[in-house]
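Below you'll find a set of structures to go through.
Look at the two complexes coming up: chain A is in both, with chain B in one and chain C in the other.
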Partner chain A sequence: MSEIEPPAMSSGISHAAPPVVAVRQVTKRFPGVLANDRISLEFRAGEVHVLLGENGAGKSTLIGILAGMQQPDEGEVLVDGRAVTIGSPRESLEYGIGTVFQHVLLVPSLSVIENLMLGGNWWQRLSRGPALARFRELSALLGVTIDPDAEVGRLSLGEQQQVEIMRALWRGEKVLILDEPTSMLTPQGVHDLGQVMRRLRDKGVALILITHKLMEAYEFGDRISVLRLGRVVGDIPPERLRSMSEAETTEAVIEMMFGSTAEHARDAETLVGRGRPVHRDRTVDRSAPPLLAVRDLETEATRGECPLRHVSFDLWPGEVLGIAGVDGNGQKHLAEVLAGQRAVAAGRIDLAGMDVTDDGVPARRRHGVRYVTDERLGEGTVGIFSVATNLVLKEIGTEPLWRRGWSDWGRIHEHARDQIERNDIRTPSEKTPVARLSGGNIQKVLLARELNTDARVAVFNKPTYGLDLQNTRIAHERIVTSADRGVAVVVVSTDLDELIQVSDRIGVMFQGRLAGIVENGPDVERRVGLLMTGAEAA
Partner chain B sequence: MEGLLTQPFLTALLFGAVTAGIPLLLAGLGEQISEKAGVLNIGIEGMMLFGAYTGFVAAYYSGSFGLGFLAGGLGGMLVASLVMLFCIRFGLNQIVIGIAVTLGFEGLTSLLHHFQFSRTYPRLSAAPTLAIPGLSEIPVLGPGLFQQNAMVYLAVALVVFMAWLFRNTYVGLNLEAAGSKPAALDAAGVDVLRTRACAVLSTGFLAGVGGAFMANVGAGIFVPFMTGGAGFIGIVLAMLARGRPIWVLLGAILFGVSLAMTTALQVAGVNIPTDVVQMLPFAMVMLVLVIFARHSVLPPALGLPYVRGDR
Partner chain C sequence: MSIETKVDSLPGDPFRGERAREIQAAILRVLIPILAALVIGGLILLILGKNPLEYYGYVLRRGLLTWGGLQETFTRMAPLLLISAGLIVAFRAGIWNLGCDGQFLLAAVISAAVGPALIDVLPRGITLVACMVVSVLVAALWSLIPAILKSRYGINEIITSLMMSFLGISFANVLVKLFFADPGTTVPQTRDLAVVDRLPRLFDTTIHAGLLIALAVVILVHLMMTRTAFGLKLQVVGANPAAAIHAGLNVGWLTILTFAISAGLIGLGGSIEILGVWGNVRADWNPAFGLLVVPLVFLARFNGYAVIGFTLFFSALMIGGDSAARRVGVPSDFVLVLVALVLIFLAVVEYLDHLRRKRTTA
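For the complex of A and B:
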């Protein structure tokens, strides 16, 4: 007996099955943006339909329409062949559509299990028993170990993402939408999710998967559609996809995403990170004294987060240290401690031979420490502030953009226009509130702000999550370029491929400890994998 | 001052504290529901006052205290429906509307009272009391606490009920979600605006009953502006209670005692200027704020209108 109850479906679904959900000529405009431009797509039972497209292409907007969060300006939505209006998320759920949104939509002050129960009939009493049983079922299925009574706000983003996936699976919908569900997951988590998706598909569920990772698209997808500037620019149907190799698919998709092959074929390989790694052959001079010396760092175990235990490492100028590990093993504390955002309970941090352990954020910034958080909304940016203000958020009140406490708006906006241009930030204007941008474009704002000024030590927590291929590549290149200029860089990521791309060495966090550091090179995957499971340094 | 600790004085003090504290308790509990759902209900003073008026009128003409409470609750709800319309449906600023509602109904009740009763202040007969068998025999405590109007016991029972509601029901979850992360509630298929509207109407009902209690049980008459800031004390109580009804009760007791103290001290003929004595409750408000305000935890979405799909 299986764990997930899909709607009754006749077996033997083929590509001839009628679409469960379809959109026809759907158009959606926002002030200054044409987010969806006459999109027509069909989503079929027993099919994993992958949506690809650059940042701001309009994928999440389309999902919002199916989820009842947005109303299309033109065009129609069809469920089981009938034109319907999905006027609210409730109606969407009633049509059997479950959604994992790109940005976590959970109540931080409620427990995991309460979040999962949310939405039940209000006149009924909460019944924890059945809910817990269902929770255990889904945990086993997804390979998740989360305390059902933990407050959601205290979980790592990766864990929150897993809770979000559980919620979408909770009722056993006939259409399941996943908007970048893997951005915070480890390879193992992605693998488990893939298994679940296959199982659901085989039971006749229609799945819509949005991702920026072509590997996932190829591995999990039955059909691929590519969006660009709000339009559908390409489609690979199942028959064709089955007959294509991964390399062929990659090439075809990149051509659809970024234009003609002639221009970009050269880049296709590099875009997906195959072939030439970003990492260039340069040697780090480890005979010189290290720029950053970290000794026996410990933090308080606040709010149920994993604290640091005896973390020590050295980092030389021009070196990129990758930090791998399952999300929630102390990476967040490590990044925050290095940034000066969190006090240490014990241990010491030396920057160029100077003790900076007790320096706060402003002092560390003056010493050239830069930090990109993984919480781009909330901690990283102020949603209602303009893109321009967010680009200078950490310099507010300082020269030259502020003079004697007065904002020089002319300059701030000029600075913003320049950054928008250089970082390809898709926004109607520099005055648009940053929360209105697409997920990837908010991330670009964050990266632009931290990479823009002179840094000596840069700490990145999941720097490329939500970025499309091209921007991921650009971000990687900029990280490595800054290392080439002598910056000491720490990159925290759950994506091992990314770390292999950019790092000189890779350290693995496990239960608050630095389980080991290995040199990047052949066989690094296996050695990191060993460390991740808690085995001793290979 | 030696006359202070006599039995009659203490009994009067307790009885007075309960009488003064119940309207605060009802207002505080009501405000707590709104705030949990993310609505800062500044108009609660107006709801109390209008509830006091409608409650008094109903009790005056029908002679029934029960009908008085019901009418008070409905009067409060009527005012709340304005807040619901402007703040929740149209998403207007909750503070501005709240102040407008309070000022508006202060004026309206005075006007209505003037038309109806001219310059007379008719008085109701004393409110019926319900002695709890056994407990009411205890000296001092008995007559002070256990020979009260039935609404007193109901209000205290409401504390327990609300604590249970918040923890064990979907209503509790929905309220929490509406104030903490409304988009998550919406995504779960629950109408945020409807949840908030119900919360605001409940607040209106409770505040109205509180107002009716003040007029019918506490004073026995209706006087314009008689709530005198009780609604605002209710807001303070709700803000400091961190979503826990029991803390509203404790706060209401504290303020009830200090309010009762002003009367009791005057009755006991203690030689302190009345102006000073009458400042006591308000000094208490400030003291409590100075000590506890730092610890208040407010819902993240408090005061923010919810618009689906906006980001």
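For the complex of A and C:
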């Protein structure tokens, strides 16, 4: 942007370090979309540069170019002032650019340390000793404890992401790019990550941070750039950012993102995490029998997973039960067991008085159980299949889209166009492979698929992970409206603010147990916080 | 090499503007390796002191341009098509059934044993159908072990199906020598099914009706994979097993079913080759078609219609190559050299294409 606005350049850059990496007039087109439209940005050593923008604005595409995953159609990339071609992720690493992508790219069947050693050159021997030393160094730097021999596929998403960060830092970097790194972390995790980012920044690393949470942008960022429809539409340089309050920043960013502040007041609240609870005034009738009764559930876990231990709770129609807890405390098993995707080792699940413990996914779905997974590319979708196919992935073979087993592609595509329109999924066409959509739009495909039919129990695992503020609000509203229609809802999230907004009660998972369930209300943060540390139910 | 390809022929996938370009690129990806293989094959012939034009001329004439050769080529297509159909089902479901030779041979021996025994008591039509059914079942049964090992214990089917293939080939031999040997000859072979009792010929040709069965099966398999719920489920399992579990598909059962269908179709190929062409099985007979068909199916990117074209090409190469080799004076296995070259160039082109794609679409 500095080329476009000379005055800003003179005031903004004069006393800052020269850019280590810059893009100039970069344009990238995909079939049917202009993902990056003449973008010019500069990234400086010792600066956390935040990129903001709605879902599909082109943030991931831009860093994909820096990471060597894609080539710009026009424009150039400069490293230390020299125009370069970054032809592959390896070349990117060689230029000192390390990237943590939005979607986990680790090999799930290998151990943590094996994944980290993969980055080495193929002609070199893999030596575990030095790798372990570096692993400990980075563990200390990040302040995390992960078993280096745990199989990556068994780790929680949050832990997998920590491994990703290590992988990016593995060679000691000039630039560290983080694409929505906080969406899966607990407040504590976000705080820790912030500390890591500050330490790295003070060591002269240039950091690029993509986030949908303005609070984080304000807290961690030195400079903010806003993207919209592939263009840079605004920039807040460090001096200005330092002089602004959080509220002023929010207002300025919202204005850049959407053009006007008034109509997006609620989005702004979501963005800074200060939203009013969406449905506080509704009361749940708990005198009736519960819709879902869970008793003493236990699961078996392989190494690195956290199994369930004696989990019991009741859930009434129209009620939203939030499940809080640090990632990796059994939430995933709980969600999967409720969906019928994982067998129980002991315990019992009753749905409307009927024992459904041994029902698999199809039977539970027939009973109205819906599950929005948090692994949208891992298991939620088939990346190479079209958006249309993915929208009906759980209904293959059922009427009316299939007739006597024959696919009616005409109707499947029509159904998809309808869903795309109603859920505002940004895709060039219903036939586009789903993996080509932006992260937030893939999430919208999942939400559309699970909520389009008659649901009685809906389980959401991190439902707003990767959604921009507007879509986050829409997702929250959909959760609440389905509860209003009488659906019993379970929302698993590591974001306590989100749970406080949508839940009637909040349960806390700790080491596979449901440490306690508290009514949402004043003081809920403190009580949940107590439970999270393992204190017994208040 | 396989994963990106599966989308190509799904009716529901890449969108229109891209579609034409995709098809064009797909054709190039196939033609280039074949042409390159023919050129390098020609150079090898030159080095051997043979005239490559003469060799290719004979191949062309014998394989396609003479009536007798063309009939032989068409006849040869039948088993290749059925093996391809079986492999398409498996490969699209992400199951690498490499046990085709064992499944093929066992089925062939069963048909050769059952046919002459039944023909004495049953009419020809029923005998032929019975042979095919029994062969299909035996081949499917033979695939059960790798299938169960994979679905229950997650053991890689590439290794187990290959092992079962070797076992199947040996077992077929044992059957021929010990149990079904024709007492009327000293040569270890099964009893002969008389020419009049074999599959009917088409009109006045030497081509047998098995070709029609094979063509129908390939087309049906293609339609099954692209237009039915069952086919789509198999593709989900193949493309992302975790998503299949998440969507509630019974992955274990689908794996076993896929193996059974795949092996059954390959077995049908073995059966009609006996019922249509040979009439008996000699001990140690093993045409090893699987070796040839696996790359062919990859070349066709698991597309049923493309498979038909490639099968014609490969059959002509086999039939023509046999006699051309004799006339020009190179080993008849020279065809395999050509096939190997096609494969190598296929991989090279695939790699270059991958680089190109990365530059344009990521």
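Simple rule for what comes next: the second predicted complex is superposed on the first by the 502 of 538 C-alpha atoms of A that agree within 3 Å, B and C clash if a C-alpha of one lies under 4 Å from a C-alpha of the other, contacts with A are read in each partner's own complex, and residues count from 1 in each chain.
One rule holds for everything that comes next: contacts are C-beta pairs under 8 Å (C-beta built on N, C-alpha and C of every residue); 3 or more make two chains touch, one makes a residue touch a chain.
Because the structure is a prediction, the values reported are computed rather than measured.
Engineer: Output check: A:117 vs chain B and chain C. Expected answer is one of first, second, both, neither. What do you get?
Structural biologist: first
Engineer: If we overlay the two complexes on their shared chain A, which of chain B and chain C does A:393 touch? Say first, second, both or neither.
Structural biologist: Second partner only.
Engineer: Would you check which partner chain A:365 touches, where first means chain B only, second means chain C only, and both and neither mean what they say?
Structural biologist: second
Engineer: With the two structures laid over each other on chain A, which partner does A:382 touch: chain B (first), chain C (second), both, or neither?
Structural biologist: So A:382 only meets chain C here.
Engineer: Considering only the touch criterion stated at the top, classify A:78 as touching first (chain B), second (chain C), both, or neither.
Structural biologist: Once the two structures are laid over each other on A, A:78 reaches no partner at all.
Engineer: Mind working out whether A:341 is in touch with chain B, chain C, both or neither, as first, second, both or neither?
Structural biologist: second
Engineer: Which partner does A:301 contact after superposing on A: first (chain B), second (chain C), both, neither?
Structural biologist: Neither partner.
Engineer: Given the touch rule stated above, what does A:64 touch, chain B (first), chain C (second), both, or neither?
Structural biologist: In the superposed model, A:64 contacts both chain B and chain C.
Engineer: Mind telling me which of the two, chain B or chain C, contacts the most residues of chain A?
Structural biologist: Of chain B and chain C, the partner in contact with more residues of chain A is C.
Engineer: Under the contact definition given at the top, report the residues of chain A touching chain B in one complex and chain C in the other.
Structural biologist: 64, 69-71, 383
Engineer: In their complex, what parts of chain A are in touch with chain C?
Structural biologist: Of all residues in chain A, those touching chain C are 30-32, 64, 69-71, 340-341, 360-362, 364-365, 371, 373, 375, 378-386, 388-389, 393-394, 396-397, 402, 405-407, 409, 412-413, 428-429, 431-433.
Engineer: With touch defined as at the start, can you tell me which chain A residues reach chain B in the complex?
Structural biologist: Residue list for chain A touching chain B: 64, 67, 69-71, 88-90, 93-94, 99, 101, 105-110, 114-115, 117-126, 167, 383, 435-436.
Engineer: Chain A touches which residues of chain C in the complex?
Structural biologist: Within the complex, chain C touches chain A at residues 3-4, 6-7, 10-18, 227-230, 232-233, 235-236, 239-240, 242-243, 245-250, 358-362.
Engineer: Enumerate the contact residues on chain B facing chain A in the complex.
Structural biologist: Residues 168-171, 173-174, 176-177, 180-181, 183-191, 299-300, 308-309, 311.
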